[in-house]
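For clarity, chains are labelled A, B, C and D in written order, and residue numbers in each chain start from 1.
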Amino acid sequence: MSIPQAKQMRRAYGFDEVAIVPGDLTVNPAMTEVGFRIDQMEFSLPIMASAMDAVVDPDFAIAFSKLGGLAVLNLEGVQTRYDDPASVLEEIAAASRQDSTTLLQKAYAPPIKPELISERIREIKSADGVCAVSCTPANAKAFAPIVKDANADALVIQSTVTTARHTSYSEKGLTFPELVKQMQPMPVIVGNTVSYGACKELMEAGVAAVQVGVGPGSACTSREVLGIGVPQVTATMDCAAARDQYYRESGRYVPIITDGGIRSGGDLCKAFASGADAVMLGSVLAACEEAPGGGHHWGMATPNADLPRGIRVEVGVDTTLQRVIHGPTSRTNGTENLIGALRTAMGMCGARTIRDFQQAELVVAPSIKTEGKQIQAAQR
Amino acid sequence: MSIPQAKQMRRAYGFDEVAIVPGDLTVNPAMTEVGFRIDQMEFSLPIMASAMDAVVDPDFAIAFSKLGGLAVLNLEGVQTRYDDPASVLEEIAAASRQDSTTLLQKAYAPPIKPELISERIREIKSADGVCAVSCTPANAKAFAPIVKDANADALVIQSTVTTARHTSYSEKGLTFPELVKQMQPMPVIVGNTVSYGACKELMEAGVAAVQVGVGPGSACTSREVLGIGVPQVTATMDCAAARDQYYRESGRYVPIITDGGIRSGGDLCKAFASGADAVMLGSVLAACEEAPGGGHHWGMATPNADLPRGIRVEVGVDTTLQRVIHGPTSRTNGTENLIGALRTAMGMCGARTIRDFQQAELVVAPSIKTEGKQIQAAQR
Amino acid sequence: MSIPQAKQMRRAYGFDEVAIVPGDLTVNPAMTEVGFRIDQMEFSLPIMASAMDAVVDPDFAIAFSKLGGLAVLNLEGVQTRYDDPASVLEEIAAASRQDSTTLLQKAYAPPIKPELISERIREIKSADGVCAVSCTPANAKAFAPIVKDANADALVIQSTVTTARHTSYSEKGLTFPELVKQMQPMPVIVGNTVSYGACKELMEAGVAAVQVGVGPGSACTSREVLGIGVPQVTATMDCAAARDQYYRESGRYVPIITDGGIRSGGDLCKAFASGADAVMLGSVLAACEEAPGGGHHWGMATPNADLPRGIRVEVGVDTTLQRVIHGPTSRTNGTENLIGALRTAMGMCGARTIRDFQQAELVVAPSIKTEGKQIQAAQR
Amino acid sequence: MSIPQAKQMRRAYGFDEVAIVPGDLTVNPAMTEVGFRIDQMEFSLPIMASAMDAVVDPDFAIAFSKLGGLAVLNLEGVQTRYDDPASVLEEIAAASRQDSTTLLQKAYAPPIKPELISERIREIKSADGVCAVSCTPANAKAFAPIVKDANADALVIQSTVTTARHTSYSEKGLTFPELVKQMQPMPVIVGNTVSYGACKELMEAGVAAVQVGVGPGSACTSREVLGIGVPQVTATMDCAAARDQYYRESGRYVPIITDGGIRSGGDLCKAFASGADAVMLGSVLAACEEAPGGGHHWGMATPNADLPRGIRVEVGVDTTLQRVIHGPTSRTNGTENLIGALRTAMGMCGARTIRDFQQAELVVAPSIKTEGKQIQAAQR
């Protein structure tokens, strides 16, 4: 039956539903290039560390920076609310599962101390770390001058969903063109977004990079609470199309960073093959000895006082940054030697650069594991 | 191979298979409007409480009414068969699972006492509650005058599947245009339906609102027993298209109420994004302290003497109406602060009104949870 | 990428993947007609009992016949190999699961005794039962005269896959036109098939009815062993299209019987809505007190000496023929009161006859059960 | 919404997602022909044994050869690194699951001894076995002369992904046309590949046969680690299209061998119906008494020192080569009597030859098992 003007829906895909097709030519993995660039900043790793309190503290930022990546420090979490955040993190790690959300709500209730913003940035910079910091749009006006004075390297404006056009009661809200101008030459990175239109508008507003991803993170329950979210492969493809179109129109290349839901080398490779310029990792890094979460992981929407939209996830502490990024490893589940995995996959697709790898063919191929594999997986 | 005149099937979608795409603009949640209107009646909440004995008794109707919603009292359940329904409800709650269907069949065997219809309506009205009551089409002729005399606010005619054209042995069956005229100015709400054609015909018959949903309720086994049912997202989209088409043709706006299968804020938001004007909740409300079910929940088809089509579901009693509707909450699974969730999701989609939110983009995106999430979920 | 002449595949659907859409009009269930007809034979029930040793013995055939259905006695099982089949059936029921296939292979090794064919038919006829018997194509030539002499009512020629065109070493194989002529006026029913072409050719060969279904039965492992099988909804739709096309061409209406995979009233209703004229039940009937399987169920391919393609399934003995067919029931999972379910579903679709019900709309709608339902289901 | 130049994805299918449709005619299984041919070599079985250390050692190769199949000995595993490989295999079998990958990495660290290559080939040839051996492209130049001198029957060049065009730092890499010429008249088989283009280029390079499959093997975790892999049905269909196109263009028929993920007769039959000329088995054969793995199974990517991409799978030892290939059997899960299953399925599709069987119709039909079947399966 035909129904007049019935609503249409596209199919959207996540990492578990697609696979990369090897290429018609192959390249020696040692010949591949995996660098990443935001404006004038160059990184040897195309990997960012999430602005989550269980992942990044100043020490982690310094260590991650030395490996060639970019870690983002959250300016609205425990690092800027407490002079001694370590003890609060310990308390969170020690809480039972059923109390964890209530405790997180309480731990994030005290106000942010502006002086701690400068202090944390200085800690990172004084150890020669590259320092990126993040806040929500609501705090951008207040925090931006502090961040600029403290000489951070990049400012990330981040909320669950951020657009270039936001309507609120406040007379004069934040506009990204103004913020970008104010921070110059410091790059302003904005997220998160998932759609072609919203992503392109952010690029037109002058931002230096865009974070892609709403809903897929391992600690995020936006899908359950709000029904909102787009699986990462489709979100990345749509935003990559926006980036390429904006580049054709403007000549400026604004990289996109796939943020959320990457749990293995396979996911990471699929993010690039979907069009990402870099990826942002949360739970994978939270399991490193260097991470401050003590084997736990939670997102910034979890401590929300009225409507928490995330859970504290137990990730354990069973690896190191070095092994996660460069290996070597004896694990076969793709959680260590991510750069080795990326180079190997690029080689199999005949991609010398990440820009080449973005052109790799993907197929829709749900991961149907054999019984044997599942049993083994469960027992690992 | 091409097969002459082979039967065609459309794909239909349920809540778990879709997700809402954030908008290209965003709005402050505090600026959203979530009211609902049936004819001249206005409600601050776009939420109705199901005409189920485990959800609505007169006290619940009064409490729900005070929060701004509309509860429907079932006129064919224990409230009108027993002078003291509370003791029967206790007996049902105390039954073992294997005996529950047999007990329900027995509990619903005694005849309905017409005087209790008036009595229950009076109970609600005397406490200033808004009073909606429901009966099946078979009893509509007999009960309508009683309901009118008792001065109820709305009459709901409801069965698993109700159409404007029903064929039966009785010489002169119910017709909706006559009933609508007879009850004026009291609005007549009719359900349930799931298809464009049947929904539009009900609107053309003059009803004030239409309930949408066959099969998806948590206590309903119509799919197993009869094979009949349409997943709620598609059912809502099709009926919303009927509403919009009828509005274009007639200038009269007949709201649709998505009824069944909503278990979280995510589901509720998806119902509106699919085109609903309001939602009807059953099991979610049955878990409130104010509900009469004592932690259990069952549908009206369960007590059927020959062919029960539902089960008694254990929902527990672990929340309150206030927390379910307005929060605050420390739960992260979307079962509390539904209005907060609705406003937040509307804000992320740049929707100021529910009519705007009906235009939000949806994608087909099966909820594939990561292993970590599933384990956590199982342990909550 | 476009690939020259790459193989194409259609999507095929099973019962669990579809749902029936209610109609735009409804009919009182008491006004529906559910009769079934093969040539001149009329049945008040559109249900056949499978030619499986755990389902049909002479006593079951008589009882089922009295209820208005047609049971088929297997001429190649224990009933024609043993003078006292009951003791063999007991032995099979008593075997442990791991020994069951080996024991079945042994139990079916003794030769078929032709005199028992006549004897079993006489047992059924002498009690006024309608008597249908089945054999494989390989035995049709030898058994047909015996069956005719013994005055059975219908002959079923059945194997996993039967076509009108079979190539073998034997000089002069069976042809259906000859067999049909030889048996006249006794109707010859043939199965199983699943495709439009093969079904139409069988009809053109003059058979009285066609059984549809390869692979879906609960005791069948053809999919695992051979990779062969077509889900029942698509198989039924394709064969119904063949029936309708053959009817348009020839004026002769050859009913199709959906055979295999029907476990509930929901499945049964979907078979009719897919186009079936009748259904064949196995495991559902094997659970009746009247069935000879003692709570077990197995197919005719299980005892194959070299390549068994089925398993002995435990179904329990927890109901009666009367309750399965006509109820009443307190079960809510659709395994009792199948005719009540059929009439109710027909009413909801506005179908007075099965021929009307074949026109009901179906949607593709995978049965995603809520957590709550699954838990309850598991505990029942 | 339409998105300019958004990336497109095809759907790819695996064995569990498809089923074979019976034909419109049928053939006696005894009349089917199942031979296989590579260049001038003819085999009565269309089955190859994987070049995996848990499957093929010289004794297994001899036994498999006598049954009419072709086993491939891995020249880069324990057989060529150790004078006494049996003791290393025992050590691997004895390792606990958590230590298995580390142990495999250690076991494959010692260098390959060229003299053992000749020795192993001689062991097989001296017992009149057909001898195929395999190495990676990196070792092809070095090993090819040894293999030729030792008079092997076929050389397999195999890696996870092999293409005709590989870029590396080495001045003068391997080219397949040169290798093919150098080895003449010994056939050179190359794998693995999954795409139309890459497969056709390999055929154009003159190879004698192509192995198809990246990712689906039971011991392979390429999907998790690299995100790379194509389900076998689609991979086989695409490569079969390449074979047929190359045959139309060149007149040379280059067979394709589906390698990986075949766990039952059903999978094997689907591989042929998808277009395969032969299949390669790993884990199914590893469970035979004749296999050297002692009930375990692992792939060649598992021992990788930096990035292992496979696991040691426990398969048990519970059958024999004779029973797996020719039966008879009492198993009903399709793991024994594979040739019986193949002939039976071919008969049901009216296919006399494998070339005919490649034309069988396939449908997309996810294997949704009934609850009963799953329970039984779990208990077997």
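What we mean here is this: a contact is a pair of C-beta atoms (placed from the backbone, for glycine too) under 8 Å apart; a residue touches a chain by one contact, two chains touch by 3 or more.
Just so it is clear, the structure is predicted and the values come from calculations on it, not from any experiment.
Trainee: Examine where the copies subunit C and subunit D touch and state whether the two sides share over half of their residue numbers (same) or under half (different).
Mentor: different
Trainee: For the identical-sequence pair subunit A and subunit B, what's the CA-based rotation angle in degrees, nearest 5?
Mentor: 90
Trainee: Distance from the CA centroid of subunit C to that of subunit D, rounded to the nearest Å?
Mentor: For subunit C versus subunit D, the centre distance works out to 39 Å.
Trainee: Using mean CA coordinates as chain centres, what's the subunit B-subunit D distance in Å?
Mentor: A distance of 56 Å separates the two centres.
Trainee: Which subunit B residues touch at least two other chains?
Mentor: In subunit B, 1, 13, 197, 361 touch at least two other chains.
Trainee: Linking chains that touch, what shape results: line, ring, star, complete or other?
Mentor: If you draw each chain as a dot and join those that touch, you get a single closed ring.
Trainee: Where on subunit D does subunit A make contact in their complex?
Mentor: 1, 3-7, 9-14, 16-17, 97-98, 101-102, 105, 160-163, 165-169, 193-195, 197-198, 201, 214-215, 218, 221, 223-231, 234, 261, 263, 283, 302, 305-311, 313-315
Trainee: Would you tell me which residues of subunit D are touching subunit C in their complex?
Mentor: 13, 15, 18-28, 30-31, 196-197, 237-238, 240-242, 244-245, 264-270, 273-275, 327-334, 337, 340-341, 344-345, 348-350, 361-365, 367-368, 370, 372-373, 376, 379-380
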